[in-house]
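Some structures are shown below for you to check.
Across the two complexes that follow, chain A remains constant while its partner is chain B and subsequently chain C.
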Partner chain A sequence: MAEVQLQNVRQVFRRSGGALVEAVADVSLSIRDHEFVCLIGPSGCGKTTLLQLVAGLLPVTSGDIAVDGVAIAGPSPERGLVFQRDSVFPWMRAIDNVSYGLKCRGVDKAKRLDIARAYLRQVGLADVERSWPRELSGGMLKRVAVATVFANSPRVLLMDEPFGALDYVTKLQLHQLLLTLWGQYRPTVLFVTHDVDEAMLLADRIIVMKGGRVADDRQITLARPRTVESLALSEAIVHKEVLLRHLGLGALVQDGTAQP
Partner chain B sequence: MSRAAIQRLAGAAVLLALAGLWQLASILFPYESAPGEPMVPGWQIIVTHTFLELADYWPGGFGVNAVAQGGARTYAGAALAVLSNSWDTSLRLYAGLALGAAVGLSAGLAVSWSKWSRRLVALPAQILRTFPMMALIPMFQLWFGATFLGMTLFVAFAVGVIFFTGTVNAVGNVADVYVDCARTQGASRFQIYRSIILPAMFPELRSSILLSLGMAWTAVIAAEFLGAQTGLGQIIVFSQYFGYVDRMFVVALFLLLYAAITYALFERLSRRLTEWMPRDHGLGGRDGAR
Partner chain C sequence: MARISSGASRLQVDPLGIVGLVALIALWWALSRFHIVSQLSLPTPDGVAAAIAQNFFSSSYLAGYHLGEGGLAANLAYTIVNVVVALIVACVVGVTLGFVSARNDLVRVLADPLMLTAGTIPILVTAPFFLVWFGVSRSAQIALLILYDATIVYLFAQRAATNLDPTYAAAGRTLGAGEGRIVVDILLRGALPEVFGGIRIALAGAWGLEAFSELLGAPKGIGRIIQAMSADMDTQMVFAAIVALAVVAVAFDVATGAVFGFATRWKRAARL
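Coming up: the complex of A and B.
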């Protein structure tokens, strides 16, 4: 079980110029156990900040965030985060990266290496466990990051535009991998993206943020596994049109049937 | 011939040219610092007389009598003199280096550790850092005399301020994403410093370490100038009294050799510690600091 509750969450920070900026303004959300939620919105809408708040890397200015009714206090491996930037430690071999969280919690060496090896195998990197990150491609590094976060058995998985910088094919491969792992380990997922197609492929629920507030909250009930065909169903098209309008891309939508 | 061989040859040619310039200077400027002691001693003097004369600095022992007690100048005496004085200087140097590195590194890390440790350390360290090092020598001498402790502390001071500045700077440039990633995996602050900050900052700290190695040699010789009873710096001072430019020059050559060995050892260690780094881009950046 991992329900995530956000109650009137607000985050204000001061720009280096001195001006106060309200990155997140009064967000209340209730995310169900095992729900796959995509956060979407124009850049600067506060979606990444919201993710960092849930991760505990940033303190809330006001409001409450709780997992299963327990208020969060700082970062924790139960809320794993996959970063937008490359976060794999370049000074550790692949397997040491994957087992890092276990090491921090004092799991003994043989055991943590076994666990790390199993996750590396699951992300398709069994043969590069002794490689340095510099020897791996961008897609492989993301696989290491995914294996690392799952090795910590998170109840909540936070992902901050994790596949944004990858090429098309690699990105689709990682979507499949992520969905498999999500199905197997059943974490609750909060996935930040600016890619409407990515969100449609992955999410049970898409939350649109604008100016630090929730602008729309849509349930995507398309059957899984989703295919090119299911994403071309009229239900999917309507969602997509609404989302594009939210992102200011109304010009791409033919008629006025899909109003946000 | 391979490129590497040509480069080595070019390097040797530069050294030869420098030696030739020295020789040329000795012919063009035939002045004397003291009667019979040339201001710019040519290689013919350095190679034949000077090394043997270093036997003067052997206090006696191992069956080789001191020159001051009527012993003859022998190569054995000269070698023993060089070895024992080098040993003393090296001990002061490496003890100071270790102490200065440990203190400078700790103080530098303390600046980012917490608000409290920053307040405690930052201001005093910044003030100490701006003291002109050479102006401190007389003070150290009055406090400690020409003792091992005094000289070691002086070297530690010179090394420490460089380590401190380098560490503060290098820690500041560690990418936040690594620290955040470690925090979300449950790393404690101590674990973050040990497994993230230290390895991540090492490549940037390298240049400060190289700088501090050079400074350590300068500092230990400077400290020995002031009344040390042994050591390479003390030989230089004695030579100066009598205008023995050739002996000063030979000691300088030994210092050059030792410094080169120190750099080479560090380079080997550093290469092992940075095995994870992307390989050299071929612009000579990694060797540039030598």
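Coming up: the complex of A and C.
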């Protein structure tokens, strides 16, 4: 079980000039166990800040965040985070990166290396376990990052535009990998993205943020496994039109029926 | 590029460096052998080598100058111990203060003026004060070297910790790393390449500074040999002491370079 509840969450920053900025404004959400939720919205809408609040990397200014009714207190391996930037430690070999969370939790060396090997195999990197991160491509590094988080058995998986910098083919491969691992281990996922198609392909539910607030909350009931054809179904097109309007791209939408 | 395999690490020797060294010795030999420069000012390389060999492990000649019975080796050992002890203390102080100041603004505000001032004042100007404070003892030279080394290591450690992407520490925290692991596994290991650079620079300068501080007053050491021999115009022994110190300094630099290179071998891995 891993139900994430956010109650009247606010996050206020003070800029270097002294001005206060409300990055997250009174957000209340309930994310169900095993749900795959995508957070989408324009740049600066507060989605990454919200993710960092749930990760416990930032303290809330006010409000409450709880997992299964227990208020969070700082970062925890039960809430794994895949970062937008490279977070794979360049000074550790691939297998040491994947097993690092287990090492922090005191798992003995032989066992944690076995677990790490199993996850590296699952993400297709069994043959590069002894490689240094510098020797791996961007897509391979993301696979290491995904394996590292899953090896730690998180109940909640947080992903901050993890595939944003990857090429189209690698991104689609990683979508499939992520969905496979999610299907197998079933963590609750909160996935930040700018990419409407990515959100449509992955999510059970898409939450749109604007100005630090929840502007829309849409259930995506497209059957899984989803394909490129799934995105051409009328339900998907309606969702996509609404999401594009939310992102200020209404001019791209020919049919005027879909409204946010 | 010739490579000498040495266990897990590889020592790289640049042939051009060897050619340069041989050319320098040949020039030295020619200048002194053909009396282009007086042998009183520039003794021959073979004469210097003979002086080193004759006085290395024991030397009644050096003992006559109250420089101990142990010859060049004992005096070298005195100098080496001072340099190494000072470097170890400076690394502990410099790295700790550098890392803490990178993460804590209050410590940075307090430590920066102190360390930057220490780095700005010419170290040779401060040397006589150490002699007054500590007397003619090992402590004076070690204290002077600590001041010099710690300033350099502090600045490199602070810059390394400041430049390290904070994403790594955040990733560590979300994986369950506590503060101790964040410091040891992430901050220290991520900052090592830059810190090592600072340590090598400090070490390179420390040999000359140690010899200089011995000139001001020390029971023995390479600097004391140079001082005593200069007073009696024995340039051959002066050169012998300088060459012995240079060889030790280069050997230490090569050894630390190999150790540091092995510890940061991930940095040299081929980028895909």
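As a convention for this text, the second predicted complex is superposed on the first by the 260 of 260 C-alpha atoms of A that agree within 3 Å, B and C clash if a C-alpha of one lies under 4 Å from a C-alpha of the other, contacts with A are read in each partner's own complex, and residues count from 1 in each chain.
Just so we're on the same page, a residue touches a chain if its C-beta (ideal position, glycine included) is under 8 Å from a C-beta of that chain, and two chains touch if they have at least 3 such contacts.
Small disclaimer: the values here were computed from a predicted structure and weren't measured.
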Room on chain A for both chain B and chain C (clash or fit): clash
First (chain B), second (chain C), both or neither touched by A:136: second
Residue contacts with chain A in the superposition, chain B compared against chain C: C
Contacts of A:114 with chain B and chain C, given as first, second, both or neither: neither
Partner chain in contact with A:64 - chain B first, chain C second, else both or neither: neither
First, second, both or neither for A:91, with chain B first and chain C second: both
Which of chain B and chain C A:79 touches, first, second, both or neither: both
Intersection of chain A interface sets (partners chain B, chain C): 55-57, 74-77, 79-81, 83, 85-87, 89-92, 100-101, 104-105, 132-134, 148, 152
In the complex, chain A residues that touch chain C: 55-57, 74-77, 79-81, 83, 85-87, 89-93, 100-101, 104-105, 131-137, 140, 148-149, 152, 158
Chain C residues touching chain A - in the complex, by the definition given at the top: 165, 167-168, 170-178, 181, 185-186, 189-190, 192, 264-267, 269-272
Chain A partner contacts - residues on chain B that touch it in the complex: 175, 177-178, 180-188, 191, 195-196, 199-200, 275-279
Residues on chain A engaged by chain B in the complex (per definition of touch): 55-57, 74-77, 79-81, 83, 85-87, 89-92, 100-101, 104-105, 132-134, 148, 152
